[in-house]
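Letters A, B, C and D mark the chains as written, and numbering starts fresh at 1 in each.
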Amino acid sequence: MGLHLWRGERHVLNGLSLRLGAGEALQLLWPNGAGKTSLLRGVAGLLPIESGTVRWKGADTSTDYAAYCSDLAYLGHDLALKGDLTAAENLRYSVGLRRQIDAAAISGALQAVGLTAPHDELVRRLSAGQQRRVALARLALWDAQLWLLDEPAANLDAAGQAQVAEAIAAHLSRGGSALISTHQGLPLPAAFNRLSHSPQEFA
Amino acid sequence: MSRPASSLRAASLILQRDLTLAFRRPGEWLQPVAFFLIVTMLFPLALDPELSRLRALAPGALWVAALLSSVLALEFLFREDGRDGTLEQFALSGQSFAWLLLAKTASHWLLTGLPLAIAAPLAAVGLGAPASAIPGILVALLLGSVSLSLLGAIGAGLTLGIRRGGALLSLLVLPLAIPTLVFGARATAMAIQGEPAAAPLYLLAALTVFGITLAPLAAAAAVRISLE
Amino acid sequence: MSWAWFHRFGSPPYFYRLATRWVPWLSWPAGVLIVGGLFGGLVIAPADYQQSDAYRILYVHAPTAWLSQMAYTLMAVAAAVGLVWRMKVASAVAAAAAPIGASFTAVSLVTGMLWGQPMWGTYWAWDPRLVFQLVLFFFFLGFIGLRSAIDDVSRADRAGAVLAIVGIVNVPIVHYSVTWWNSLHQAPSVLRAQGPSMPASMLVPLLMSFLGITLYFYAVLFYRTRAEILRRDRGAAWVRELLTGKGKTA
Amino acid sequence: MSEFFAMSGYALYVWSSYAIGIGALLLNIYWARASLRQAEAQARRRLASGDAA
C-alpha cells in the first residue's frame, strides 16, 4: 500500500507497504515512537496520509469512507467510555451509532467478557481492567471485519491479557483481520499470527 | 447480521446520552446561565439603577452577556468528548460526522442556549423592560443562541487540541458573532419599545438557518483536523 | 486549458525559484510608483476645497485599506486551495499573506482615525468602513493566532484554512450587518473618497500609489512565501542542494 | 516652504499618517527578510543534525 506518513516533523513511515489477509493478525512490536500509533490512525483515516493509499477489499478507502468505517473497529489508548454512564449505557450509546442492538445483546456481550450482571455500576467506579473489558465487549458487538487495536492489553493482568487474546483469536477464526500494536506479543494461535519488530521490514 | 443504525437514530442516541450525562452532573450545566444573570446584574450596579435610563441599555447588556456566556459554555461542547476518544469513535462511526456534530451541538444548545433564552426575559425585566416585550425578547434570544452555539462549535472544533484554547476561542468566535449581536440587539430594542420587530427577527432567523446548514460542515472539518 | 500549469505552480522548488526571480522585478517598480504616488499626493495635488491638506492622508489610507481586503481574500483563497488540493505552496502563500495583510489593516485603521480627527473632530466615529477594517483586523489576528497555537505546520495550515473559509463566507454578512447597523443610527458619514470626480492631478498620484502598493504587496508576499516554503519542505532534497549550494557561495 | 510642512494646520495628522504608512512598508520588508533568514537557518540546522529525511 506504499504508505508515506509524516508525524509533525518526523518522516514517520517512509514508503511502508503492508498487506493483511482475512483471518490474519499482525502484531507490531516496534520500539516506542517508531510510528505504531500513527500507522493505526493512518489506516483508520484519522491521520491524513501524505502519499500512498489505504485499500480495503480492493477499493481505496477514501472513495467510500463510510462503508470502510462500518467494517472497521478502532480501539485507541483512550477507551471512549463515559465515566458517568453505566457499562450497559455506554455500549447502548456507542454501538447504537452503528447498528441496531437491544439490551439482551449488550448484557450478553458484557457477560462474555466476564463482567457479571447487573451492569448498573458507573464505569467511573470500575477498575482499569474492567473498563477495558467493556471496550472489548463493544468491539465484539461492532462485529467489524478489521480490528485496529492500539495496545489492547495495556495495564491488564495475565487473565485479562488471555481474555484479549481469546477475543482476537475468535475474531480471526470468523475470518476477521487485526492490526495490533503492542509492547509484549499477545499469545495468538500461530496459524494466524505474524509478528513484526521494526518498520523497516515493510519499507 | 443487523441493519446499520439510521442517522436519525444516531442523532437521538447522542441527544439522550448528553441529557443523561447532564442530569447526572447538573451543577456544570447551570454555570453559563448563572454567569449570564450575574453579568446582566452588573449593569445597573455599574451604571445607574433608574429603570427608565436602564431600558435604553437593556438590549445591549442582554446580548453582550448572552454572547459572553455562550462562549464560556463552549467549554462543555467538545473538550471532554475530545479527550476521552468519543469524538474519534464518532468520526469512525460511518455516520456523517457533520450530522453527529450537529446533534452534539443541538444537545449542547438544549443544555446551555435554551436556559439562556429562558433566563433572558427575567434579566430584561430586571433591566426595566416592560412585560409586553418578553415574547419578542424570548424569540430573539432563542434564534440568537442557536446561531451562537453553531458558530461556537466551529471555534471549539478549531481550538480542541490547543492547551488554554479559551482566549483564542473567543477571538475566533466573537468577530463571527457580530451580525447575530447587531440583529439580535436591534430586535430586542424594538421589542422593548413595543414596535413590531419583524425585520431584525427575520434577519436573525436567516442567520440561524444559514448557520444550521453550513456550520456543522466547518465544525466537522475543524474537529477532524484537531483529532489528528 | 490543461491543469499542468496549476500543478507546476504547486511544486515547491518551481515556485521557490519563480519567486526568487520575480521579487526584484516587482519591488523596483513598486518602489518607484509608491514614491511617485506619495510625492504626487503631497506636493503636486492641489489642496482640497473642503478639507484643504488633510485629505492627503487619503493617499496612504485608501491604498492600504484596499490592500488589506485584497490580502484577506487572497489569503482565504490560497488557504482553501492548500486545504482542498493539499498544496503546500498554497498554504505557504496564505501563511505569508497573513502578517502583511494584518499590518496593512492596522495602518489603514490608524490612518482612518488620523483622518477622522480633522474631519469629524473625533478620532473614532463608528463609521462602517472603519468598523469593517477593525473586524477584518480581528479576522487576521484569529488566523495568525490559531496557526501559531498549533505546532505541527501542516495541521496549522489546515486549521487556518477552515477558519479562513468560514471567515471569507462571513465577511459579506458582517459587512452588511455593520452598514445596516450604521444606517439605523446616523446618516452615512462624510468619509467618502472624492472618486473619479477628482481632477487628474489628484487622481494620478492615487492610482500610482494603488498600483505601487499592490506590486509591493506581491513582492513582499513572494519573498515571505519562499521562507514559508522552506519551513514546509525542510526535508526535501532540493532544499538540501539549494542550501549546500548557497552555503558555499554565500 | 514652511507652510508646505504646516499642511494648513493638519501637519500632525498628515505627516504621522505618512510616517506610519512608510514605517509599515519598511517593517514588512525587514520582517520578510528576517523570516527567510530564520527559515534558512532552521533548514540548515535540521540538515546539519543528521539526515532526518
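As a convention for this text, a residue touches a chain if its C-beta (ideal position, glycine included) is under 8 Å from a C-beta of that chain, and two chains touch if they have at least 3 such contacts.
The model shown is predicted, which means the values in this text are computed figures rather than measured ones.
Student: Of the chains shown, whose Cα mean is nearest the mean of all protein Cα atoms?
Tutor: B
Student: Does C-D or B-C have the larger number of C-beta pairs in contact?
Tutor: Between B-C and C-D, contacts are more numerous in C-D.
Student: Could you put a whole-Å number on the gap between the CA centroids of subunit A and subunit C?
Tutor: Subunit A and subunit C have C-alpha centres separated by 48 Å.
Student: What whole-number Å value describes the gap between the mean CA coordinates of subunit C and subunit D?
Tutor: Those two chain centres are 14 Å apart.
Student: Roughly how many whole angstrom separate the Cα centroids of subunit B and subunit D?
Tutor: 41
Student: Need the CA-centroid distance for the pair subunit B / subunit C, whole Å please.
Tutor: So the centre of subunit B lies 33 Å away from the centre of subunit C.
Student: Can you list every residue of subunit D that touches 2 or more other chains, as numbers and ranges?
Tutor: 52-53
Student: Listing for subunit B: what residues touch at least two other chains?
Tutor: In subunit B, the residues touching two or more other chains are 228.
Student: Using the touch definition from the top, which residues of subunit A touch two or more other chains?
Tutor: 11, 48
Student: Can you check the complex and tell me which residues of subunit D touch subunit C?
Tutor: Per the stated touch rule, the residues are 4, 7-10, 13-14, 16-18, 20-22, 24-25, 27-29, 31-33, 35-36, 38-40, 42-44, 46-47, 52-53.
Student: Along subunit C, where are the residues that touch subunit D in the complex?
Tutor: On the subunit C side, the touching residues are 34, 38, 42-43, 47, 52-54, 56-57, 60-61, 64, 99-100, 103-104, 106-107, 110-111, 114-115, 117-118, 216, 220, 223-224, 226-228, 230-231, 234-237, 239-240, 243-244, 246-247.
Student: Would you pull the subunit C residues touching subunit B in the complex into a rising list?
Tutor: 135, 138-139, 141-142, 145-146, 149-150, 152, 155, 158-159, 162-163, 165-167, 169-170, 173-174, 176-178, 180-181, 184
Student: Using the touch definition up top, name the residues of subunit B that touch subunit C in the complex.
Tutor: Touching subunit C: residues 154, 158-159, 161-162, 165, 168, 171-172, 174-176, 178-179, 182-183, 186, 203, 207, 210, 214, 218, 221-222, 225-226, 228 of subunit B.
Student: What does subunit B use to touch subunit A in their complex?
Tutor: Of all residues in subunit B, those touching subunit A are 1-5, 9-10, 13-14, 16-17, 20-21, 24-25, 83-86, 88-96, 100, 227-228.
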